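The two complexes that follow have subunit A in common; it is paired with subunit B in the first and with subunit C in the second.
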Partner chain A sequence: MTPTSGLRAQTIFMSPGTMIGVAIVAPSLSYVLFTSVHGPDFSLAAFDAVLTSALFRQSMVTTLYIAGLSSLLSLLLGFIVALHLAGQPARRRAFLMVLVLLPFWTSVLVKCFAFTVILGREGIINSFLSWIFATKIQIQLIFNLVGLLVGMTSYQVPLIVLPVLASLLAIDGAIYRAASIMGAKPARIFWTVTVPMSLPGVLAGLMSIFVMSLGAFVIPALLGGPRDFMLSNLVDFYNRQVLDWPKASAISVILFGIVIAFATPAALWRRRKF
Partner chain B sequence: MHNATDLGGQVAHAIALKGISKTYGPVTALHPTDLSVEKGEFLTLLGPSGSGKTTLLNLIAGATGPTTGTILLDGCDITRMPPRERGIGMVFQNYALMPHMNVFDNVAYPLRARHQPANTIRAKVTEALDRVGLRGFENRKPRQLSGGQQQRVGIARCIVYSPTIILMDEPLGALDKNLREQMQGEIKRLHKDLKTTVIYVTHDQEEAFNMSDRICLMSTGQIAQLGTPDELYFEPVNEFVADFVGESNLIEGKVTAANTVMTSDGLTLVVCSTEGHAIGSLVKVLVRPEKIEMIGRSAPTVTSVRDNACAGTVAQTSFVGGMTRIAVRCDGGRILRIKTVSSRASDCAPAGLPVTVSWAASDTVVLKS
Partner chain C sequence: MSEIIHDPLLRRYRSMGTGLAVIVYLYLLLPILVTIPMAFGPTNALTFPPESYSFALFEIFFSSADWLNPLFQSLKVAVATAALAMLAGVPAGYWIARHEFAGKGLVTGLIMGPMIVPHIVTALGLYLYFSYFRISGTTLSIVLGHVMVTLPFVIVIIVAGVNKLDRNLEFGAELMGAGPMRMFLTVVIPQLVPSLVSAAFFAFLLSFDEVIISLFLAGPGNVTLPVKMYTALQWELSPVIAAVSTLLTAISLLATIVAIASRKGSSVDL
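After this line comes the complex of A and B, so read on.
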């Protein structure tokens, strides 16, 4: 394909996205941006107030920390899942893929409720442990970091399995055969072939789940503890509790900026040739 | 056979397959097969696509396990041994280089897997790259090399750990014709220098003939014939071999007496030998196109009288470079294909020219019909 025709094809496929972007996303974003600088007259007071507030800074750290930790955890789990899927015959893989995607197609609210049933003080896990050890066990698994990470990873794993699996399937089977004939043990093959050759998919996937989890709102609200306040929750707080819309908008704009800052290199990386 | 060492009365071949077979569900990729390869031999597995060549090679390499049979490497049973412990080398059709590693790291891979010290690795990699003419390319990535250069890396990576047996699965299949011929010469030279055993897979008959000590011609998961290129060409055991190895004229007939075959249209052929064919049995007589002599019937002198002759007319002439193919329609309708060294168009036989074709009995082979 010539560069021009490629560009044209790209434009056609992107046009619905562009239209939605222009018609729906852009006005609302503009409105948020407008609100953030709107006062009696143009002012950056809301940004100033937000950036100097301890609450904002703490939420910011929490957001990056939770998003980073849950993304790495999801990568670890997702890589194992993808590795297993890549080793399956095609038909079995298609079936297993549905199982991986099933929770992804389920509403976040439903999933969160399911996790309260599983992880709660009287939940399935605690009941089971109580039954095993024949004493009442009530480990706190929810409304804290554990619950939050469980919720976040369950949301992110399907999203990272797809690009990693694509990378793994793109590795020519002859390379594995060559490596083993040349005397490499499975562990060496894993570290010298599987890991480096799936790196493009891993990085692309990692970046996209990280960026997506920066804006997490429902999961920290329902499964996290009071200290796991992420930026979206802060926006909600200013929006509905404090009714300080300029500040809420300023935080949104900053969050949007952070997302763009991480998403742009990720998008560029994906275009890079391996 | 030739130079196998004697180990306690047991001859140890470089590799010996005993009753080895492979089935994939209902598909039989390889029927039970026996095959021995001598030390230092260059054996080619030749055959059409799907005849089981790759399967056989993968069984030797250990990439797949056999359904039945045993594999002996230097007299030791390696049937259940994982590939990494066999110490065999392999060169792949699509190179199978590590795309993220440079040439040096690719060639060093098998040495690192063997935990050799860094200076040994450097010396051996340099020597291997020298042998394939790729010194100075150490820091290139495979994608920065041409197909021929990539395959040289593939070969260097294989010879760098001095395997006693090298398997090559259509290593030149992705290269164009000129480069292929050049690389054939290089592989042959490497084989001579290194004195390793090579099992080479190709579907290209010329390549097989050019390179091999022996050829194992395969068809539908079985060995059709195993022998020297000479034997395959001049003594094919059946019609498949005759057709696959070079061009052939096959004339159907019935054995009527010793060394005599009669065709249905009454032509009596004198053949080399009818040994193994009972009188009255149906056979096919093979004559190679280049063994048939053609004389214009109007020619003033008949230069030679040969065992078999038949009159006809030229049906078609095609000039294909060094050789000219001529189809002669014999009286009675049979078409015989002839191949001669080309001469100028003005000297060529025009279509319709009455001719006499003849061939010697010693240039025939009688095959089962």
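After this line comes the complex of A and C, so read on.
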């Protein structure tokens, strides 16, 4: 392949993708930054107004708190599943994986609908409890922290099972045998072999579901309460209801900044590790 | 791992682990297990388990333009998105996997960027940008927005697929005088079929399920099914949503089957 024909081939192969990058990705993302500083007449007024507003501060705290809490809960639940999957013979594991992959592919809207029906005031759980205790029970399980965490974990657990399972399967079986020959009990093997050796996969998975959940929108809007507004919901509020685009853009820039601040060290660390 | 470990506690630990795992599996499947029976329930109440079974909710869904139009809109958008994302992503993925070139980092960063940008930020940017050109609210704008966010996933799947191919076959074809295009179409593409199928399906499903970008870009006349469902869930809990959810779950099931079937050919863990 001569250099010119190589260049021609490169143009043919790369130009459709590059065109999307140049004509859609770059301008639309720059537009957010551009709008956040009031376009050509540069001003940081929107950032100033956003950073001093109590609503923004509360959403920011809620975002970090919910993302952190739901990611840790999802890790706990995901670890239980991954550990169980890792202990199965390959064929049964392939079958059980369907139980994780199906929820993985299920639309969040379907999950939100289902949990509204399960957790609602007249929902399945409350009806069941009312029937057992033979009195009317209406525990508030939705439009609050409980509903939000149930929805978030249901979305995040399938995402974290895959990386954790991969790192559990990568542990050499000989180490388990060695530990047991040396007389270590199962609990000790778990804490001194399984946990530390799966740590890289666990941390990578935890970081990626945390970063993803920072941008959560549908679940807090449909299952959370009015006090569980996350940054994405605030962007939506300013964009579609207040029609204040500089503020919506300023919040978007800050949200993206937070995502980058968490994603970059994780990516660098992962590159060094593997 | 356990055949050599002898410990009276081991069996207890294992059954405890299995018990906990079964609870989590059930928790993950709960939304599906609840919606499917309700989709075949009566039209006037959302009770579980339903008191009677029928196809009435599906009949309502398939006879109301309020639901059918968004369904067709979503199908249209998802097919167009998958086609465009494949057209751009397959050659780009191959080139990125096989060649080093000037500005590779910049171009790849630009194309792959939307993967880490929160959808709400992308959606706002697309809305502001397309409003400037007065194409916001059109079906074209939704498709272009979806292409932007699905393209990185297509490229990831294609790069993983290409990396597993034997490069010598490509060298051989070029030594025999095939040009890059001909070599790509006759040597690379036929070997990539499993990756192509899963990439196309993934792009379709990402677009079909996408809520936020469509919510910001859709005008009143071209609402997609997820947007319709999102607004319906916000205002009233209609039993028809159970039927819609079941249809969406059927598509998810198909996606799971495609993902598992194509995993034998490629290494993508999706």
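To be clear about the criterion, the second predicted complex is superposed on the first by the 247 of 274 C-alpha atoms of A that agree within 3 Å, B and C clash if a C-alpha of one lies under 4 Å from a C-alpha of the other, contacts with A are read in each partner's own complex, and residues count from 1 in each chain.
Operating definition for what follows: contacts are C-beta pairs under 8 Å (C-beta built on N, C-alpha and C of every residue); 3 or more make two chains touch, one makes a residue touch a chain.
These figures come from a predicted structure and were not determined experimentally.
By the touch criterion defined above, A:Met152 reaches neither subunit B nor subunit C. Touch criterion met: A:Arg177 reaches subunit B and subunit C at once. In the superposition on chain A, contact of A:Lys185 is made with both subunit B and subunit C.
By the touch criterion stated above, A:Ile12 is placed in contact with subunit C alone, subunit B being left untouched. Contacts of A:Val164 after superposition on the shared chain: neither subunit B nor subunit C is touched. Measured by the number of subunit A residues touched, the leading partner among subunit B and subunit C is C. Of the two partner chains placed around the shared chain by superposition, subunit C is the only one that A:Val259 touches, whereas subunit B remains out of contact. Looking at the shared chain after the overlay, A:Val202 reaches neither subunit B nor subunit C.
Of the two partner chains, subunit C is the only one touched by A:Leu222; subunit B is not. Taken together, the two complexes place residues 177, 180-181, 185 of subunit A in contact with subunit B and also with subunit C.
Listing the residues of subunit C that touch subunit A in their complex gives 1-2, 4-7, 9-10, 13-14, 17-18, 20-21, 24-25, 27-32, 34-35, 38, 46-48, 87-89, 91-92, 94-95, 99, 101, 107, 110-111, 113-114, 116-122, 124-130, 132, 144-145, 147-148, 151, 155, 174, 179-181, 184, 205, 209, 211-212, 215-216, 226, 229-230, 233-234, 237, 241-242, 245, 248-249, 252-253, 255-256, 259-260, 269-270. On the subunit A side of its complex with subunit C, the touching residues are 1, 5-6, 9-10, 12-14, 16-22, 24-32, 35, 77-78, 80-81, 83-85, 87, 94, 96-118, 120, 124, 127, 154, 157-158, 162, 166, 173, 176-177, 180-181, 185-187, 189, 211, 214-215, 217-218, 221-222, 231-232, 235-236, 239-240, 245, 248-249, 252, 255-256, 259-260, 263.
Subunit B makes touch with subunit A in their complex at residues 58, 61-63, 82-90, 92, 94, 96-100, 109-110, 113-114, 157, 161. The touching residues of subunit A, counted against subunit B in their complex, run 172, 174-175, 177-185, 188, 192-193, 196-197, 199, 274.
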